[in-house]
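Chain IDs A, B, C, D and E follow the sequence of writing; residue 1 opens each chain.
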Amino acid sequence: MIIGKVVGTVICTRKNNNLVGSKFLIVDPMEKMGLNAGRIVAVDNVGAGINDIVLVATGSAARVGCDDMNAPVDACIVGIVDDPQKIVLID
Amino acid sequence: MIIGKVVGTVICTRKNNNLVGSKFLIVDPMEKMGLNAGRIVAVDNVGAGINDIVLVATGSAARVGCDDMNAPVDACIVGIVDDPQKIVLID
Amino acid sequence: MIIGKVVGTVICTRKNNNLVGSKFLIVDPMEKMGLNAGRIVAVDNVGAGINDIVLVATGSAARVGCDDMNAPVDACIVGIVDDPQKIVLID
Amino acid sequence: MIIGKVVGTVICTRKNNNLVGSKFLIVDPMEKMGLNAGRIVAVDNVGAGINDIVLVATGSAARVGCDDMNAPVDACIVGIVDDPQKIVLID
Amino acid sequence: MIIGKVVGTVICTRKNNNLVGSKFLIVDPMEKMGLNAGRIVAVDNVGAGINDIVLVATGSAARVGCDDMNAPVDACIVGIVDDPQKIVLID
């Protein structure tokens, strides 16, 4: 997974039927985090919002995170780090 | 997912049988978006076209997005952002 | 998917039993194409050859493209762009 | 897989129900290792801790590594290299 | 898939039960090969060793390559290029 900050939202008027009602958040990976990841759009399933620090799962795990294997999503927010002090780094 | 702009089309005369009838669009990821993604070819399933800003799902989610688990695709357009103002970024 | 040019072949004498009879082609992604992809080895299933411009699907889609979910492959050629003019780019 | 060092931990108070009880460790890939991987968050299932050198599986293999196909995870620690001398490199 | 050279081995004393008996080899991708891939750890299933030039499948294909869908692996050696002249490149 990667840790990132929610920096935006995106709304698609026309979309796949299985995405109706989904909330799309734009996540900016934390420094050094992810495969030199750029920003990604993730479906939110735990009530995250702008500025939240979140944990994002990508790939087929995203459909598991959405509780909907028919949702064509490849990134899903699966946790919220509500206190930055709960990210402990030794360097 | 990633947000990108449709910048082209590609037609394959000889192709896998399960791709017959599929429309292939070339998508250029939005700045800072995606895993330093370069351009990708995505199957369109929501009626997108040149210059549209679209939401693309990759990996096994793409087959879900095409409603055809037998289609050998790894990227699928799953939404159209018809109004750029529906992409809200805090920075 | 990515578009690329077939720039080589590779033969493995000793290989997984489910790959016996498979043809391996080395594909160089088109400029700006793919996740900063380097070259990849793809199984050919549509009759491609050296210098052909091809469409490659990666990930689990590759096994679908080979019509063999038991083939340990993660990239498969699923289309041939036999006329470069069938790649239309607006920039 | 990649080899990396556990350099941190992260705790999410609000998270997907299937992640309750999971331990999240931040892994920094060994030099030259991984797809130019940045750091990743992996679920620990073998008792790893800070400073341990670990083997991480990513993608759908991570759910297999957690013995829980319903856990929305895309990276899982599947081994601990308890003696650095057990990493032998010819260069 | 990618072509690479086996440049090392790694042994994990503590590991996931489904990896007991697995042989882990460190593979350095051939120049220009792979998604700017760094080195990866792959399970060997075809009898490869140090200095061998090998074909590696990644993602869910790796579990197929190991003949064990319960093995938490995301990279598997599926072929050995025993004669470098069997890699033919036109440039």
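Details
One rule holds for everything that comes next: a contact is a pair of C-beta atoms (placed from the backbone, for glycine too) under 8 Å apart; a residue touches a chain by one contact, two chains touch by 3 or more.
These numbers were taken from a predicted model, which means no experiment stands behind them.
Residue numbering shows that chain B and chain C use the same positions for less than half of their mutual interface.
A separation of 19 Å divides the Cα centre of chain D from that of chain E. Within chain C, residues 34-37, 58-60, 62 each touch two or more of the remaining chains. Judged by the touch criterion defined above, the protein chains form a single closed ring in which each chain touches exactly two others.
The assembly's chains link up in one ring whose order, counted from chain A toward chain B, is A, B, C, E, D.
Here chain A touches chain D in the complex through residues 1-3, 29, 32-37, 45-47, 55, 57-62, 64-65, 76, 78-83, 86-91, going by the rule given at the top.
Chain D makes touch with chain A in their complex at residues 7-16, 18-19, 24, 26, 28, 34-42, 50-51, 59-60, 62-63, 69-75.
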